[in-house]
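So, here come the structures, one by one.
Presented sequentially are two complexes of chain A, the first with chain B as partner and the second with chain C.
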Partner chain A sequence: MFDFLEPLFFALFALGIIGAGAAVVLLRRITAQALLMALTFACMAGMFLLLGAETIALFQVLIYVGAITILILFGVMFTKQEERAYGLFFQKQAPLATGLAVIVALPVVILAFSFKDPATPSARGSDLIPLATSLFTDYAFPFEVASVLLLAALVGAIVLVKRDDQ
Partner chain B sequence: MPIGPFGIDPTIWAVLRLVIAVALTIFLVLNGALVQIFLERKIQAVMQDRVGPYHTGPFGLLQTFADAIKLLGKEDIRAKLTDAPFFLAAPAIVFSPMVASFVVLPFGPDFTGVNLNVGLLYLTTLGSMTVLGIVIAGWASNNKYSLMGGLRSAGQLISYEVPGILGLVTVVLYVGSLSMVDITNAQPGPLVNAFILPFAFLTYFIAALAETNRNPFDLPEAESELVAGFLTEYSGMRWGVFFLAEYGEVTVVSAIMATLWFGGWHGPGVDAVPLLGVIWFTLKTYFFVLLFMWIRATLPRLRIDQLMGFCWKVLIPLALVNILLTAVLILAFPDPRLPIAVANWALVALLVVGLPFTQRRRLLRFRTRTRESVGMRDARLAP
Partner chain C sequence: MTVPLGAYIAVSAVLFFLGAAGVLVRRNAVVILMCVELMLNASNLALVAFARRAGQLGAGSGLDQRGSVFVVFVFVIAAAEVAVGLAIILAAYRNRPTVNVDDIHEMKG
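For the complex of A and B:
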């Protein structure tokens, strides 16, 4: 009876990701852009939910909507609200930007259209335990490397903003 | 044809159940706020040697109803230079995650909206989304005080999210589940998690005070400094929605504390009468709500540097030590309850005993520095 819901939600989320993502690039109001980016992240979390990965979906919202968007807004809040010419700086690079975008987009498009039906996702239920086991056993080394990298970035950020007189 | 509960078709029941749950949640949120505002006024009045509301209804019970009707009847004012779509959306962004949180709260045996196996993660996720609304409210108001309130809120909430989550993680490590129902079931007896993990509770309690913008952490809306912070430009029911959201959040974090550390719905007589669990859960939750009010009436507001310093220099390191100790002890001992309890109580003692010492050293340092600067000024002024 409710079989139509999954494609419907997929369509909604896909529209949200593409539409909001395009609006982030094309709009000129920086707060609206930040909020639309949050919407993109939320729609991506919805995609994860459809795939049965609710833990990843929740982490997506927790980190991207709850923390990263806030940090961006934190920076945006220091800007003024009136219209201003954001476009000026980038206008000369338009041909170069188009070329680069095509170079990046081509492999993605080719991959997307050559993609065959994936293996069916594991039975509905928790993705928590598979996620944890893969993080801490199979991929423990990349996980630790990533955490060391983040730690280095954290220390670097603190060193950069430290005042000299202390 | 399969028949679900009450002889209703299961597919229809799935939808009906959702409708009932949402209706009940809105009922709980609105009435909980009414009750809490009344309690807050009365309790603060008693603590400050006043009478509190007493004109409207018996014991002033109808005062909050009168206020709610007043708020609904107020003119809808929006300052001209506010950023309309964001200004109007902000209360909804703050309010809706709070309402959604109620779905996973375990009110009693078989009285849980959804037994999500990542329920606790769901609650922290929704809790982190309210900051977005507050920051937007502060920015869209086009008012320097509001902006300051929003900025403070962003800094404070992101910082205190860390020790709060670390406190929750300790319990999850110990219990071995993120589901609110499983965590409740793991502490059936009188030996609740609060006795075993008191330090995790302390960190979460402090972080919860900060995350719900309650005293002594209500810097985003500090009246004496910022008019009303991010609420300055809001009036009428939009302002009311912010307050509903605040009281709802207080209820949610109190319910989390009652579930994780104080056994949730468990209490005498629950096995015989399951409905009694709802009463125990409500009593435990409201105990923390009242504790929040007590703290609000007692403690002065912190300064922003004290707030941040306490979070990053004291709470987070100790919470990290706590997680490390708990994890190691769980692996080291087959029955880790006693060692974990010893380690946790030791950390609590360290925090409680250590704070005055560090504060005393800071105070002495400030005093000598002030003396030096005063001495220099006197030398300069001397002929």
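For the complex of A and C:
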């Protein structure tokens, strides 16, 4: 009865992702770009919900829509933004760049449209418990390594931004 | 009527190429960082879509959740990358008050 809902929401989220993503690349207003990036991430969270990955969607909202967007906005706030024309790279070599893009993109598009079968419907229930079980048993060591990486990033960010004269 | 897997992969590919084009074309370091985040997120969508196709998602599957676990690690990498990336941008901004990557060419040969 509600079978039309999945394609409907898929179209909505796909439009949001591609439209807002293109706006991030093309616009010249940095604050609007950061907020449209947040919209892209929010639509991506909707995609994860459609695919049955509720926990991933939760992390997406917490980390991307929340933390990373705020960090980027802080970066915008702390720097002077003057926007000028695009780099010269693609202005001189536009035909070459177009050819290269087609060569790279064509196999990807063909590959994408070769998956015609519907994604199998996921089992009922949350994916939190299987994900947590997998993460803390089979992937416990990579998890610990990731925590060390985050610590290193934390220390590195502080060291890089700290002023020397204090 | 369900959405085919290829549609998810196509959206993922389009977002990835948009991000790659942004990294190559834009000269503002903060915008480049945003485009890198878009590329990472596009890869997450492909990972989750393939994980669902393999039947990994959901409580009923006794399968290894490697698709979702990989996405979690991509989140970790993205968070670390944006923190260190912004710190580098701010450190470079202190030496030379610009975020335009064409103007930061001290190491150009």
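Things to note:
Just so it is clear, the second predicted complex is superposed on the first by the 119 of 166 C-alpha atoms of A that agree within 3 Å, B and C clash if a C-alpha of one lies under 4 Å from a C-alpha of the other, contacts with A are read in each partner's own complex, and residues count from 1 in each chain.
Quick note on the criterion: a residue touches a chain if its C-beta (ideal position, glycine included) is under 8 Å from a C-beta of that chain, and two chains touch if they have at least 3 such contacts.
Computed from a predicted model, the values in this text were never measured in an experiment.
Of the two partner chains placed by the overlay, only chain C lies in contact with A:Gln33; chain B stays clear of it. Looking at the shared chain after the overlay, A:Val76 reaches both chain B and chain C.
In the superposition on chain A, A:Ala53 makes contact with chain C only, not with chain B. Residue by residue along chain A, chain B and chain C are tallied for touches, and C comes out ahead.
Contacts of A:Ala67 after superposition: both chain B and chain C are touched. Residue contacts after overlaying the shared chain place A:Leu96 against neither chain B nor chain C. In the overlay built on the shared chain, the residue A:Leu160 is in contact with chain C alone; chain B does not reach it. Look at A:Ile17: by the touch rule set out above, it reaches chain C but stays clear of chain B. In the superposition on the C-alpha atoms of chain A, the part of chain A touched by chain B in one complex and by chain C in the other spans residues 55, 59, 67, 71, 74, 76, 81, 125-126.
Those residues of chain B that touch chain A in the shared complex are 11, 81, 83, 85-86, 116-118, 121-122, 124-125, 128-129, 131-132, 135-136, 138-140, 142, 147, 150-151, 154-155, 157-158, 161, 178.
Across the complex, chain C is touched by residues 3-4, 6-7, 10, 14, 17-18, 21-22, 24-25, 30, 33-34, 37, 40-41, 44, 47-48, 50-53, 55-56, 59-60, 63-64, 67-68, 71-72, 74-76, 78-84, 86-87, 89-90, 101, 105, 108-109, 111-127, 129-131, 133-135, 138-139, 142, 146, 149-150, 152-154, 156-158, 160-161, 163 of chain A. Within the complex formed with chain A, the residues of chain C that make contact are 1-15, 17-19, 21-22, 24-28, 30-31, 33-35, 37-38, 41, 44-45, 48-49, 51-53, 55-61, 64-66, 68-69, 71-73, 75-84, 86-91, 93-94, 97-100, 102.
Those residues of chain A that touch chain B in the shared complex are 1-2, 31-32, 35, 38, 54-55, 58-59, 61-62, 65-67, 69-71, 73-74, 76-77, 81, 125-126, 128.
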